[in-house]
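Before any comments, here is the structure.
Per-chain numbering from 1; labels A, B, C, D, E and F assigned in written order.
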Amino acid sequence: MSEISEPPPHDMVGYTFVTRGRTISESDIIFHAGQTGDLYPLHLDAEEAKASPFGQRIAHGTLILSIAMGLKFDMSSTGRISYGYDRVRFVKPVFIGDTVRARVTVVQSELEERKLGYRRIVERTEVLNQQDELVIAVDHILMRWEPNRAAADRQ
Amino acid sequence: MSEISEPPPHDMVGYTFVTRGRTISESDIIFHAGQTGDLYPLHLDAEEAKASPFGQRIAHGTLILSIAMGLKFDMSSTGRISYGYDRVRFVKPVFIGDTVRARVTVVQSELEERKLGYRRIVERTEVLNQQDELVIAVDHILMRWEPNRAAADRQ
Amino acid sequence: MSEISEPPPHDMVGYTFVTRGRTISESDIIFHAGQTGDLYPLHLDAEEAKASPFGQRIAHGTLILSIAMGLKFDMSSTGRISYGYDRVRFVKPVFIGDTVRARVTVVQSELEERKLGYRRIVERTEVLNQQDELVIAVDHILMRWEPNRAAADRQ
Amino acid sequence: MSEISEPPPHDMVGYTFVTRGRTISESDIIFHAGQTGDLYPLHLDAEEAKASPFGQRIAHGTLILSIAMGLKFDMSSTGRISYGYDRVRFVKPVFIGDTVRARVTVVQSELEERKLGYRRIVERTEVLNQQDELVIAVDHILMRWEPNRAAADRQ
Amino acid sequence: MSEISEPPPHDMVGYTFVTRGRTISESDIIFHAGQTGDLYPLHLDAEEAKASPFGQRIAHGTLILSIAMGLKFDMSSTGRISYGYDRVRFVKPVFIGDTVRARVTVVQSELEERKLGYRRIVERTEVLNQQDELVIAVDHILMRWEPNRAAADRQ
Amino acid sequence: MSEISEPPPHDMVGYTFVTRGRTISESDIIFHAGQTGDLYPLHLDAEEAKASPFGQRIAHGTLILSIAMGLKFDMSSTGRISYGYDRVRFVKPVFIGDTVRARVTVVQSELEERKLGYRRIVERTEVLNQQDELVIAVDHILMRWEPNRAAADRQ
């Protein structure tokens, strides 16, 4: 029954896309610091940051990771849920004024054995700055509910 | 040279602590949605959320993960940097009014072989709600710069 | 030359769609008040609002209009710019906890005579609450840059 | 009964005033984008904006319109309600760092025929930047409840 | 020269007024906590606050003091600067949903001896909740620049 | 009974410390203005501020005072409550980009006569900018609940 085995194109291995960009502002860092409580001086104290190896304030890793996930947000992908992340790595700092975007490639797509009717998709996600440097790498694991498949499985 | 091989207590395997709590408000979700661009109706549309399996709006996984990392923030741990996360799993939804806190246990602590003078610490971090239910699990990887150790290594 | 005279479907008269919904929170009103400086007690003082004909605080008209325009935001419509609004009418108040969405119908679509290469599109936009009551009506005027048409015109 | 037919000075045709100014910040744009969901790259992506005809990020029309309405806010004008806008036109872009203010002139003031006891006032509102350039034009329609007039009408 | 010795009415001893009200929301507390870094659990952790003598979360004293000063803001009082406060006392807690306003009485108004041309005004400011209970008391010291007086003094 | 008469070190006269720093951003001022309603042009209108004696926008005194109190926040000092302030003085303006920190010295510590079981501590608090200039001076009055002392007093 081929009609049920074929996932939509963006759930197939090899599918790739690049998101739009988002410029990180000083206010983004200050608000994320306040909302999360991570008030580390490297984020909030320009004087101390100037004297650090970074030479300036840096964005929180969680801020950039959150924005990257938001950039991937796509209303058409209804039915997918964010299951988790594997191997999140904070590779390079992001500074005030940098513009980040995400390059996404589906590297895995298979029916989940333990959850009947679900497809497990892994999107390798590379967050890049405006100089195309990798700042965060993460494997984003999504689950898609496939009702037809579930019905077929049940037979 | 024992004085250089002993890390501070909170970097030793078995060290454990629980953070203070943070109540998640409707405004937290709305602002995180706006800041990240993840405007999915389950976060922002009470009517559609009411009709969903969750029965109400849910917080973004990235919001709760970010707040959990902020709750772990501790100024005394100067010299540690957030290297990445392994096996982030969004286990249960967090709703408006829930209070989350993190239970942390050091499960690994060893000198990093590839980066001279650094200690790699893994904090198993369990984010719990007010009913002690696990909502997010994550292995948080930190690096601590150990100058003495670096000097000793260099000899 | 039919390829230049046909606008994309969502620029043709009669095209209609309904946006997703957005629940209006107390914090939305407080922040919009602060950002705009419209601190009128009906928005910020629950006691005075209780004694008013509305019986409770109401959202700013500008807040709901802005959110309605945001709900219409669609990245695929690149090349369209917001030219203005005609006949904006604030029909009913929006309260904390209400969920608004926009019903949009293209009522006009023609080549702009005064601006070579531009198409003028009017989207009749009705902002509705969760009980399908009209809260704001507005004719949203958009301009689309049509390079082919511009070339043809120039011949 | 002439004492009831005279509206307060700021409701009479020809009355004019200029509001104080408000400088538009990068954070204003980012928060308005997040609150409304209008995440268009011209507002949030400095790199893409640089390559656009504007050469830099621009503020949302709804943000500037909302701020202009807030600048007009005046507690003394109790009893007036915002009824709607006619002919809103976004004339020029507003950039980060620009300072806007509104020049207001009452162009119409008459008893509303369809709503007993109400006066309809139209304030022609021109939003200007720091170089006195018109950025938005809008006719703001207000209604004032005139209890004495209502009583007189009823006789 | 009597024309220079008379201050405007709102700078004369005995002048009194009450501001409009402002309802304190959960989001106000969360944002003030984030902006200031005062993340004390009584402000942010509903569970711990429930178990405290207050029985619920309380607003920061600095938040209510700041809002009270904002409520006193009056554009007509151009030329006055905030010099300081005497005897600020946090008398009662303010809870989410409370509405505060300030009752102000000028208790002192005299030419400043040490700063030629300045008048020192003390506004006794009582912040009240919706049950008319005193929550904060503060003597607000203002300085008004009086150019004429300065000229007269110089003679 | 010496074990009850000795307060913790940070409650003893002469104890002194300096907080970490916090850089004040344009967005901090805009949000504090919005949250408090103090929209004075010196805070929000760069053009008018440029023409003022300050030559640029300045931060609200309440913003800097609030941040200074937040910088002093210390979870270890559980059991202390903020009782009030004496002699708050706004000494110098704080500009966008300035970094403030607080230098604190305990100048008084004694058992409160009117409240059994409480110790009254006064922390002289000097808010400094990045050039070590005093911007705000304030005596911060704290109360610490001392259960043992209370028990002893009751005997």
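Basically, a residue touches a chain if its C-beta (ideal position, glycine included) is under 8 Å from a C-beta of that chain, and two chains touch if they have at least 3 such contacts.
Everything quoted here is computed from the prediction, not taken from an experiment.
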Problem set entry | Chain pair with the higher count of C-beta pairs in contact (C-D, C-F) | C-D
Problem set entry | Same-interface partner of B-E, chosen from the options A-E, B-D or A-F, over half of the pairs matching | A-F
Exercise. From the C-alpha centre of chain A to that of chain D, how far is it in Å?
Worked result: 40
Problem set entry | Distance from the mean Cα position of chain C to that of chain A, given in whole angstrom | 30
Problem set entry | Per-residue multi-chain contacts in chain A, two or more chains | 20, 22, 25-28, 30-31, 33, 35, 37, 39, 75
Seminar exercise, completed: Contacts from chain F onto chain D in the complex sit at residues 25-27, 30-31, 39, 41, 44-48, 57
Exercise. Contact residues on chain B for chain A in the complex?
Worked result: 22, 28, 31-33, 35-40, 60-63, 65-67, 69-71, 73, 75, 82-90
Problem set entry | chain F partner contacts - residues on chain D that touch it in the complex | 20-23, 25-28, 97, 99, 130
Problem set entry | Complex interface listing, chain E residues touching chain A | 30-31, 33-35, 37, 39
